[in-house]
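What follows is a set of structures to go through.
Both of the next two complexes hold chain A, though its partner changes from chain B to chain C.
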Partner chain A sequence: MDIKEYKELMMDYVTGKLNEEKRVEFEHFINTNPESLKEIDHLRSIWKTTDELDSPEPSIKMDEKFYSFLDSERATKRNPSIIKYVKSLLIFPDLNAISGKLTYGVIVLFIGMFLGNKIDSNIFNGIQNSENHNSEVEEVRSQLVLALLEQPSANKRLQAVDEANKLVEVEEIVINALFKTLNNDPNTNVRLATVESLSNYVNLPTVREGLVKSIIKQKSPLVQIALADLMVAIDEKKSIDSFKQLLNKKEVNETAKQKISQSIQYLL
Partner chain B sequence: MRYSIIKTVLVLVSVFVIVIAETSAQNNPQKTIVVPLSNPDQPGIFSLDLISGKIHITTHERSNVVINAQKRELKTTTAFNNNDSLEFEVTENNNKVVVEMNESSIITDFEIKVPKKCSLNLRLLNYGDIYVEGVNGEFEISNENGKISLINISGSAIVDTINEDITVNFIEVANNPMAFSSLNGNLDITFPKNLQANIRAKADNGEVYTNLKIRKKPAISKTVHSNTNRINVEEWLEGVVNGGGSNISFKSLNGNITINTKN
Partner chain C sequence: MLKVKSGDIEKLGLLYERYKKRLFSFFFQMNHNAAISEDLVQNVFIKILKYKDTYTDERKFLAWIFQIARNLSYDNFNKSKNKQNNIDLEKITYKIDSINNFEEKFATKEDVTTLKIAMQKLTFEEREILTLSKLKELKYSEIGEIIGCSEGSARIRAHRALNKLKIIFFKLEKR
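Take a look at the complex of A and B:
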C-alpha cells in the first residue's frame, strides 16, 4: 500500500467500511508508519465527535433555556410556543443527517460565537436589564434568520421569514437577505411571505426602492398582486412605471393584469 | 466540520443515476423503473419538476420508489411533435430521488409509488393535476394550471396554484409553518382536531368558511385613502388555535377558503 491508497482508504477505515483483507493491509501500513497512526487516531476522534452530534439532548436543554429567555423578553407580544418551535428547528429529517449536522453546526456556531463573545453568563440566572439584552436577542434572531433563509427546505425559509417578522429593529444585512429571497426564491409562498415581511420596513427608503425594483422580476401573479396591493397601501407612485412594464408583458396572467391596472388607477 | 464535508463527498460518489430513454416507435410508450433508496430505513425525498403532464403519487410498503411514466396520447398533434421519445433522468443521492425531464415538448403522465415516509417536492406547469395520497412528510407543491389534491397526508405542506383548487386533508400535522395560496382557485383544507397553530386567512374576493374560532383583526389592517377611493388592503382573519403553534397562512384572490378541523 502506498501513501496515495492510504489517503483514499482512511475515511473508509475510520467508518469501518473496509473489508477484512483491506483492513489488515491498512493496519499493517499504519503500524509501520507512526505519522499515519497519529493521523488516523485524530480522524477517528473527530469522526466520533461528529457522530455524537446525533444526540443533541444537552443542547436542547441549553436552547430551551436560551429561547425561554428570548421569549420572556418579548412576552407581551408573542405566544409561548417557542419550545416546540425550537424542537422543530433541531429535529432535522434523518435522511438529511449530514446536511442536518452541518446546519446544526452553523446555527450552534452562530449562537455559540455570540454567547461566548457577548452574553454574560448571568443572563441565564435571570438578571435581565432590558435594553442591552434586547439588542442581543435581536442579533441572535438576525443570525437565525440569515441561517434559515439559506436552507434548501421551503419550510425552514418560511420559518426564517416568520422570525424576521419578530425583529424590532432590522439590520441591513437581513433586509438584503430578504430581498434576495423575494427576487430569487423558487417557492411562491416563501416569496409571498417575504413581501409581507418587507412591508414592515416601508418607512426605510431603501426598502421602498427595493420593492419597486422587484416588481418587474416577479413571475408569479400572486406575488405581483401582493406587491401591487402593497404599493397602493404605501402610495408609492414610483412603482407605476414598473407596473406599466408588467402590463406590456405577454406572459403576465390576465387576472394579475386587471388587478395591476386597478392599482395604477389608485396610484395616479 | 471538515470531516462532515468528506462524508458528503463520499456520499456524492455513490450517486445512483439512470437515464431512461424510450426510443421505440410505439404510439403510446411507457416506462417503469424502480429506484432503491440508499438508506432504506430512513425517509425519502422525491422531487419532480414537470412542464406538461400529471403527477399521481401513492404509497407502498416497500422502501423503494417506483416511477411509471407514460406519454399521453394526443388527438391532435399540432402543438406537439408526437415523434418525440419519452426520456427522463432519475438520480438517487442519499435517499433523495430526483426526476429530470430531458424533453419538455411531450406530455408525460407520472404514476409514482413512494414509501409511506417521503417528502415531496413537485412542480407542474400544464395539462394535469397533482394528486398525492397517504404520504407522510414535508410537501412543497406547485401547479400552475391544474388542481392539487393531497388526501390523507401527514406532516406539513406549502402549496400554491394559479387557476385551480387546492384540497388538502391532514391526518396528522407536524409543527412546521405552512402556507396555501391560489389566485383563482378555492382552498379546502382539513386538519385534525388537535391542531395547534396560528392561523391567518385572506380571501380578497371570496369568503372564508371555518369551524375554527378566528376573527377579523381590524387593529392591524392598514386603511389608505387615495382620492375618493377607500381601500382596505390588509384584512386578514386571524386566530390562535388550541394555544397556538406554527403560522399557517391561507390566501386566495378570487376563490373561497374553507378551513375545518375533524376528528
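Take a look at the complex of A and C:
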C-alpha cells in the first residue's frame, strides 16, 4: 500500500467499511508509519464518539400513521374506481379519429369487455388472490404486534394484545413475545389481556406448556385467578403441580389461594 | 422491494419495519426534530410507492431508499431555512496537533454534548455525509450516488467533514 491508497482508504477504515483483507493491509501500513497512525487515531477517536450521538426512538404515532396509510393504499388497490377505468377508455388516443356511431360502438364494446373482465376477475381471481392477501395481512399484523409490545406505554401494549387476537394463524415469534409479556410486563391489565389472548391458541402444545410454566411466575392475584380459570376450562392437569407450588407461597393472596384450591379440585 | 414494485404493497410493511429506525435516526441527526423526522419517514414510504417503478434490482435498496430520504431531508432543510452556523475554518487558529491526550479528550458526557453542538455547526452537506457514513452497509460509491457525486469525491467530503468536526470540537472545548 502506498500513501495514495492510504489516503483513499482512510475514511473506509475509520468508518468500518473496509473488507478484512484490505483492513489487514491498511493496519500494516499505519503500524509502519507513525504519522499515519497518529492521524488515523485522531479521526477514529472522534468518529467513535459520534456513536454517542444517539437519536430518540420514534413514537408509536409514526407506526400508526404508516399502517393507516398502508390500509388506505390497500383499500384503494382493492377497489379501483370504475369511473377511472371508463375515463381511461374514453381518452383512448385514436378515439377522436373515429366518427359518430362507430365511436359509441367502440366505447360500448370496451365497457362490455371491461365489465366482463371485472366480473371474471372478481369471481375467479378474487378468490385465488384473497388467500395470498390474507397471509400478507397476517404478516404485517404480526410485525405490528411485535412493535407495539415493545412500547413503553401500557395502552400500546394492550393494543398489541388486541391486534394479536385478530391473528388467524399465529407465528412462533409472536407467541414468544406474548409469553415474554405475560411473564414480565409490569402492568397487570396487560398481563390479564395476554392470558386471554393466549387462550386463543391453547390447541398448540407449546402454548399450553408455556401457560403452565407461567403460573408460578405470576404475582398478581388477578392473573393467578385468570390462569386458574383457564387451566380448568382447558382441563390442563399438568398445571396442578404449579398451582400447588403457588399455594405454598406465603405472599399469595387468600382469595387467589381459595380459587386455586378449587381449581385443583376440579382438575383432579 | 421488487414485490412491492410488482403491486404487492403489503410488503411495504416489512420494509417499513426493517428501515424505519435507520431512517428516523438519519432525519433526526439532520434536523433534531422528532416530529418532523417521523413525518419524513412517512413521506419516504409514500415516495417509495409513488416511484416504485423506477427501482431495479441492480440497485442496492438501502442506497435507493436513502436517496429518497436525502432528497426529502434536503427539501425540508430548504423549507425550514434553518440558520446554519457555518464556521470559517480559516479563522480558527487552534492547532489540533498540540493536543497530546487526544483519546482521553473523548470520554465524558460533556464531550458528547460538545460534539453535538459541533455537529450542528457543520453545514447541512457535511452533517449529511457523516450521517450517511454511519451506515456501515453503504459503501462510498453508494453514498456518492445518494448525494450526487463520485466515489472519490464522497470520500474526500467525508474526510473533510470529519476533520472540520474535530477542529470545531476542540475550539469549543477550549472556550
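Remarks
The rule is short, and it goes like this: the second predicted complex is superposed on the first by the 140 of 268 C-alpha atoms of A that agree within 3 Å, B and C clash if a C-alpha of one lies under 4 Å from a C-alpha of the other, contacts with A are read in each partner's own complex, and residues count from 1 in each chain.
One rule holds for everything that comes next: a contact is a pair of C-beta atoms (placed from the backbone, for glycine too) under 8 Å apart; a residue touches a chain by one contact, two chains touch by 3 or more.
Small disclaimer: the values here were computed from a predicted structure and weren't measured.
Of the two partner chains, chain C is the only one that A:137 touches; chain B does not reach it. By the touch criterion stated above, A:242 is placed in contact with neither chain B nor chain C. When the two structures are aligned on the shared chain, A:41 is found in touch with chain C, with no touch to chain B.
Within the superposed three-chain model, A:225 lies in touch with chain B and out of touch with chain C [touch as defined at top]. By the document's definition of touching, both partners, chain B and chain C, reach A:11.
Contacts of A:197 after superposition: neither chain B nor chain C is touched.
Contacts of A:70 after superposition on the shared chain: chain C is touched, whereas chain B is not.
The intersection of chain A residues touching chain B with those touching chain C, taken from the two complexes, comprises 11, 43, 46-47, 50.
For chain C in complex with chain A, the residues that touch the partner chain are 7-14, 16-17, 20-21, 24-25, 28-29, 34, 37-38, 41-42, 45-46, 49, 96, 102-103, 105-106, 111-112, 115-116, 119, 130, 133-134, 136, 138-140, 152, 155, 158-159, 162-163, 165-166, 169.
Per the touch definition, chain A reaches chain C in the complex via residues 8, 10-12, 14-17, 41-43, 45-50, 52-53, 55-59, 61-63, 65-67, 69-70, 73-74, 77, 133, 136-137, 139-140, 143-144, 147.
Within the complex formed with chain A, the chain B residues making contact are 1-4, 6-8, 10-11, 39, 42-45, 94-96, 119, 138, 140, 142, 156, 158-160, 162, 174-184, 196, 198, 222, 224, 226-227, 229, 231, 233-234, 240, 243-247, 249, 251, 253-254. Residue ranges of chain A in contact with chain B, taken from their complex: 11, 43, 46-47, 50, 79, 81, 84-85, 87-88, 93-96, 98-99, 101-102, 105, 153-155, 158-159, 162, 187-190, 192-193, 220-222, 225, 229-230, 232-233, 235, 253, 255-256, 259, 266-267.
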